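First chain A sits with chain B, and in the next complex the same chain sits with chain C.
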Partner chain A sequence: MADVTLMKTPAETALVQAFENARTMLPGNAESRAQAFEQFNARGLPHRRVEEFKYTDLRALLREVAPFAGVPTAEEAKAALGGSKAFANVAALQVPFVNGHFVREAVDFANLPEGIEIVPLREALASGHEWLAKLSPVPWASDNPVYQLNTSFMADGVMIRVAGSVETPVHLRFVTAAGSAVATATRVLVVVENDASVTLLESHESGDGANHQPNDVVEMIAGDRTNVQHVRLNAEGDKALALSTLAAKIGAEANFNSINVVAGSATSRHQVYAILNGENTNLRVNGATMLKGTQHSDSTLVVEHNALHCESRELFKTVIDNEATGVFQGKIIVPHHAQKTDGRMMSAALLLEEGGSMNNKPELEIFADDVQCAHGATCGQLDEDLLFYLMARGLPKKEAESLLVQAFLGESIEFVENEDAREALVATVEGWLKARS
Partner chain B sequence: MLEIKNLVVQIEDKRILNGLNLTVNKGEVAAIMGPNGSGKSTLSYVIAGKEDYEVLDGEILLDGQNLLEMEADQRAAAGVFLAFQYPLEIPGVGSMTFLKAAMNAQRKARGEDELTTPEFIKQVNAAAAQLEIPKDMLKRALNVGFSGGEKKRMEILQMALLQPSFCILDETDSGLDIDALRIVSEGVNALRSPDRAFLVITHYQRLLNHIVPDTVHVMHGGRIVRSGGKELALELEANGYADYRESEAA
Partner chain C sequence: MPAVQETIDQVRSIDVDQYKYGFETEVEMEKSPKGLSEDVIRFISAKKGEPEWMLQWRLDAYKRWLTMKEPNWARVSYDKIDYNDIYYYAAPKMNPAPKSLDEVDPEILKTYEKLGIPLREQEILAGVEPQNRVAVDAVFDSVSVATTFKEELKKAGVIFMPISEAIREYPDLVKQYLGSVVPVTDNFFATLNSAVFTDGSFVYIPPGVRCPMELSTYFRINEKNTGQFERTLIIADKGSYVSYLEGCTAPKRDENQLHAAVVELIALDDAEIKYSTVQNWYPGDAEGRGGIYNFVTKRGDCRGKNSVITWTQVETGSAITWKYPSCILRGDNSRGEFYSIAVSNGMQQVDSGTKMIHLGKNTTSRIISKGIAAGKSENTYRGLVSAHRKATGARNFTNCDSLLIGNQCGAHTVPYIESKNATAVFEHEATTSKISEDQMFYCQQRGLSEEEATALIVNGFVKDVLQQLPMEFAVEAQKLISISLEGSVG
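For the complex of A and B:
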C-alpha cells in the first residue's frame, strides 16, 4: 500500500507547532499528552479515505488552525457570560466556561446542591487528583483523532461527582467570547454514582463571523440504577468548526438519555461513544439537526451492548435547507455475550430544497444470535398532501412548512424530560424556522 | 355566491373536467352525485386549490373573486372550506396547535387580531361539545389514531370554528356508521345559514336524508349532465347511474 501521509497540510504543521508551544504550559502529565499527540500525528488529520471520516473530511475542512485561547480575565468572562442565552429559562446550577476555561468565580462552591461535587480540571491535572484515573471510560474512543487532539490540548474543564437524586439540573455552559477566532479544548468528566440521578444540560455558544474551533469532550460514568438526562445544544456562531465527543460508560438497570440539537456552526461533528456495561439498561440517543446555507453537520454514533438484556434507541432527525449537508453514521455493536439485546436505530432527513444532501450510514455489528436489532434511514421532502391540507385551512405555505418541520424534529425532542429544557429546544427550532421565512 | 363557468381540468394529460358549469347561490345546499370517476373529488380539489391539477379553461368565481388566481390558503381566507374525504394524519402536530394556527392565520389574512388563548379554548369547547368530541381527542396529534368517524367530526369541528362562507363536503358520509352520520349531519345543519352555501358531494342518497339539499346535480364525464330538486336524488337512488352511462355510449 502506498504511503499517503507523507505531506503534512499547513493545518497539521500548525498543530505540531501549537503542541510544541503549549506542551510545557499545559497542566498535568505531559507524557500522556505527548502520547496522544503522537498517535494523532502519526496519521494526521483524518480525510475521506478514512472510513469514519468519509463524509467529514477534516483534512479538507480544517485549513487553518486558530490559536489556542488563553485564560480570560474576570471582566472578559463576565461580559461573555452576560451575552449567553442558551437554556436561560431553565433554573440550573451554572457551570460556565469561557474560551474553554472554567469560570470558577461563577460557582458558589460552598452552596452546591446536595449530592454535587465539582473539581476544576486544571487544578486536578496539576495536582494529580485521584479522579483523573476515571478519565477515558470508553477505551476505544482513544483511537479517534478528534479525541486524541482533545487529550493533547485539553487545558481546562471540570470533574463532577453526583451522588443521590439531584433535582437541580447542572448546566455546562460553554461560551466563546466575542473577538478573533480561537481554538479550545475542554474536558468534562461526570461520575454518577450508583442509584443517583441527574439532568445535565450542555450549551455551546459563540458569536458569528469568527472561525472558532472548539473541541470538547464530555465523559460520563453512570453507575448501576442511575438515571441520566443529557441535553446538548450547539448554538455556535456561523463560522465555527465545532468538534465534540460524548463518551459514556453505563452500568446495570440504568436509564440514560442523550440528545444533541444542532442549530449552529459552519461545520460540526458530534461523536457519541457509549458502552452498556450492565444488564437491563435503557439507552436513548437522539439528534435534531437544523442546517441551512452551506452548513455541514455530522452525527457519529457507536453503541456497544456489552451486557445482556439492554435496550437502545437512536433517533436522529435532520432538516436540510439550501445546499447544506448532513451526515449520520451510526453503529450498534453486539458481541456474542450480549444476548437479548434490543437495538433500534433510525435516521430521517428532510430536504427542504433541491441542493441539499444527506449521507446516512447505519451499521449493525452483531455476533450474538438471540437479539433484536433494526436500523432504518430515510431521506425525503415535505409531504405535498399534508401541505395542501394545512393550506386549505388557511395556513400560508411557509407557515405550513414550519409546522411540519416542527413536528418532524419534535419527534426527537419530545424525549427530553425536563420541561423547561424541552421548551427551550422547541423555541430554538421556532427561531430557526422564523429566520428561514 | 359560487359560479363555475366552462371549467376544463386535466391531470397528467388526462382530462377530468370537461366544460363544467355550476352555480350555487347564497344559503343554498347543492348536492353533487355521480358515479365513480365522474370527477367529483377533482372538482372539490380544484375549488380548494390543490396544485396537481392543470386548469386549461374556465373560471371559478366566489362572490366575484377569481379563485383560480389564489393560493389554497388565500382561498381559505376568502371563505372556502373543503371537508376532506380522507382527512390526513399529521403526527407531531397537536390538534389544538393546528386549530389555533388555522384560526389565527385566517384572522391575520383578514386583518383581525389573533385570538386570546381563553377565547380560543372557549370556542373550541363549545363547538366540540356540539359534535360530541371528547376532550382527550383534542389532546392528541391531528387525526393520528382517530377512527373514521372521529376524523370526519374533526373536519366539521374545523368548519364550525373557521366559519367559512362556502363549504365543500367531499363524501363526508363515507366510512361513517349511523350514529356518526347523524352527529356529523347535525353539525352541518347547525351551520346552515342564509349567508353560507354548501356543496355536498356524495355517492349515496343516504346522506341527503340528513342534510336535505335545495338542488341536486348529476355529474358524469366531467360535467353536470342534469340538475333538479331534492327529488332527483331519490330517482337516482332508485334507477342508479345506468341512464347516464347509456346516454354516453349512444
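For the complex of A and C:
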C-alpha cells in the first residue's frame, strides 16, 4: 500500500466552515467541542480504508453538508408535529424534537409521570448541570468520527432520569420539518437508577425529497437490576443520510433490550456500543432493516462483556430489495475476567432481487477460556421450497413472498415487550411490503 | 466450558519448548552481501543464471516495493523488521553444482535424515509400498539441494523441479503463469518476494494426467540472519490431478528470521490441486525470543470449469503467522476448499484464514477452520467469502471454531461475508450444532451424543484430507486431528 495523503473533500471543508460558524452559538463548554472537532478533523470523514467504515464510506457518501438547523418557531414546531406520527397507537409521554431542537412547550413539566425527570440539554449545557458529568464517552465510541461530530455540533437534546418502575413509555420523537434540507445533531442522556424500569420509544421522521442529515446520539446508563426496553424506528425521508449511535453502560442483574428498525433514509448507519459492567445481566440487541431502491444501511455493533455470567443475544435481520446494500458489523469482546459469558450473535440477510448486496462481518474477540460465544451469518434468497409450499396453497407469488419476509423480520421484532409498539413495528413492515407489491 | 484434559495434554505435547527440529547444521555457506539493493537482486539473479526478463521482473518488483508500506491490519505485533539486516541469499557451497545425491554435502543429507525426509529413491522404494511414494524437493535456505523421482515423473509428462531450473528450462511456461495469480504488486511481502525469491518448486501437470505420486517440498532454514523467500508455482492443465505437500522447520535461535513466500496455483478445466502444508517453523521460546516470522501469500486460481483447489494446513510453528491461502473461483462450477488447524502455544501469534472469491456460476466453497490457543498466544481467524454480481448460484459453508486453553491467550474471529448476488447462499457458523440437522440426526439416531456426532462430522471433513499426508510429514497432524474441540467457543 502506498502512503496516500487524502485531500480534503468539499464536505470536509464545509464541516470545518460550519463548525467555525456555529461554535460561538452552540451552548456549553466550547473547549470540549473544539477538542472533539479537532479529533474528527485530524482524520476527516472515515472512508473504506478505515476498518470500521469499510462498507460505509462516508467520504464518498456524504458529498454535501446541509446547513445546520436553527431553532424552529412555535408555529413551525406545531406544524411539524401535527403530521403523521410514528407509534401513534402507543399511549406514551411525548418528548418531541423539531429540527433537532427540543420542543419545550409540548411537555407538561408539572405533570410528568412519577419517577421521570427531564432536563432540556440546551439549558443544562448553558448552566453546567451536574448530570453533564455522566455524559462521558463510552469505550469504543470516543474514537468514533460520527460520535465526535455529534459532540462537536450537538445543539439540543434532553437528559432523562428514571427512578422506580415507570409504566408509561417515554417517546422521544424526532421530526424534521418538510422543506429545505438541514443537518441536526442531538444528544440524549438517559440515566436509569438502580431497580428502575422504563420503556423508551425513539422515532425519527422526515419528509421525502430533502437531504436531511441527522446525527443522533443516545447515551444510556442503566443501573443494577434495571429493566430497559428501547425501541428505535428510522422512518426518515428517502433522501436522508442518518447517522445514529446508542451507547449503553449496563449494571448487574439488569435486563436491557434494544431494537432498531430501519424503514427509511437513503443512507443510514446505526452504531451500538454496549458494555456490560455487572454480573448476570441479559442484553439483547436486535435489528430489522428493510431496504429497497439504492438504499444503504449499516448496523454496527460492539458488545463488551466486562463481568461474569452475562448473556447477550444479537439478532439482525436485513431484507434487501432492488439494488440496495446492507451492512452488518458486529463484535463481541470478552476480556480475561468475563468468564461464563454466553454470547450469541446472528445476522441474516434476504436478497429479494438480483442487484442487491449484503456485507456481513460478525467478529469475536475472546480472551476468557470458559465462555460460550457463537456467531453466525447467512445470506441468500427466499427458500424456494417455502415459496412453493405457500403458492401450492393458492397464494400469489408476491403475497407468499410478503408472508415469508414478514416472518423473517418478525423473528427480530417479536422481542419487543410493549405490545402496542410491537404492533406499530409490524404495521411498518406491512406498509413496506405493501409499497413493494 | 473449559477445554477437556486430553486436549490440554495434546496441545502441551507440542508446546514451544518441545520443539524437536531446532538443531543446526554446520556447512560452509555462500551468501549475498547483507541487505537489499539492486546489486543484491542482480547477484541473486546471476547466481541462478536467469535470463534478462527475469532480472527485469525482479527489479521492477523491487522498485515497486520501495514505495510500499508494511501492512499493519493483522492482529499481530512485532518489532520493526530491518530489511537491510538480512542476507537474502544463502546457499551451501557446492561448486560445481552436484549432479547426483552422492555429491551433496553429507551434512545436509544428514539433516534431512534427522528430519525424517527421504531423499534417496532406492531407500524409499525398498521400504514403502509403491503407492505411498513421495517425490521430494528439498530446499535448504536459498537453494534446492535435491529433487527426487524427477526422471520417473518426467515419463508421465510431469515437470517437477526447482523454480530456478524451470526459469531456465521452461521459460515460456513460467513467463505465462508466474505472477498471474499473485501479481507482483499484490502486497508488501509478495512484492518483496517477487524481487528476491531464491527457490521453490515448479510443477506442471499436462492435460489428463493424474500425477503418479505425491509431490512435496521440504523447506529448511538453517543459516543465521537469513530470510527464506521461496516461490512455488503449480499448474494443473486440463483434467489433471496433483497432490502437493509442503513441510518446513528451522533451528532454534534467539533472533527472528523472516520467511516470506508466495505460492501460486492454477487449475484449468476439470483439474484438481490439493495443497497441504505442515508448517512447523521454530516458534520461539516460552518468553517469545526468536522464532520465524511467517508472512506468506498463497493463492489458487480455479481458472477453468469444474476445477477444484483444496488447501489443507496444519499450523503449529512460527512466532508470527500471517497467511491466508485463498481461492479465486473463476471457472463455472469450480470448487474451493480450506481446511485448517492452527495451534498456538507460548507467545505465538497467528493471524490466518482464507479468502473464497466467487466469480463464476455455481461455484462452491467450504471452509473448516479450527484454532486452538494456549499459553500466552493469540490466534485469529480472518476470512473473506465474497460473491460477485455474476456468481449465480454460488454456495459457501464456513465453520470456524476456536478453543482457548488457559486465560492468558486470545482467540478471535474476523469473518467478512460479502454477497452481491441474490442467488448466492452463504452460511457462516460457529455453532456446531447447526452443521447439518440431517447428518446430526442420523448420527444421534445411532446412539452418538451430540458432541460425538459433531466431532465426527466436523472431523470427517478434515480427516479426509489430513489422513493422506505421509507419516514422515505429519505425526503431529495425525495427533491433532483427534483433538477434541469440546468446550470450543465459536
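As a convention for this text, the second predicted complex is superposed on the first by the 428 of 437 C-alpha atoms of A that agree within 3 Å, B and C clash if a C-alpha of one lies under 4 Å from a C-alpha of the other, contacts with A are read in each partner's own complex, and residues count from 1 in each chain.
Here, a residue touches a chain if its C-beta (ideal position, glycine included) is under 8 Å from a C-beta of that chain, and two chains touch if they have at least 3 such contacts.
Being a predicted model, the structure only gives us computed values, none of them experimental.
Greater residue coverage of chain A by touch, when chain B is weighed against chain C, goes to C.
In the superposed pair of complexes, A:381 makes contact with chain C only, with no contact to chain B. By the touch criterion defined above, A:395 lies against chain B but remains apart from chain C after alignment on the C-alpha atoms of chain A. By the touch criterion defined above, A:371 lies against chain C but remains apart from chain B after alignment on the C-alpha atoms of chain A.
In the superposition on chain A, A:123 makes contact with neither chain B nor chain C.
Shared-chain residue A:408: touches chain B; no touch with chain C. Contacts from chain C toward chain A in the complex involve residues 1-3, 67-69, 71, 73, 187-188, 389, 402, 404-431, 434, 487, 489-490.
Listed in rising order, the residues of chain A touching chain C in the complex are 1-3, 51, 336, 339, 344, 349, 351-381. Every residue of chain B that touches chain A in the complex is listed here, in rising order: 48-52, 71-73, 75-77, 80-82, 84, 87-88, 90-93, 97-98, 101-103, 105-106, 109, 141, 158, 162. The touching residues of chain A, counted against chain B in their complex, run 384-386, 388-397, 399-400, 403-404, 406-408, 410-411.
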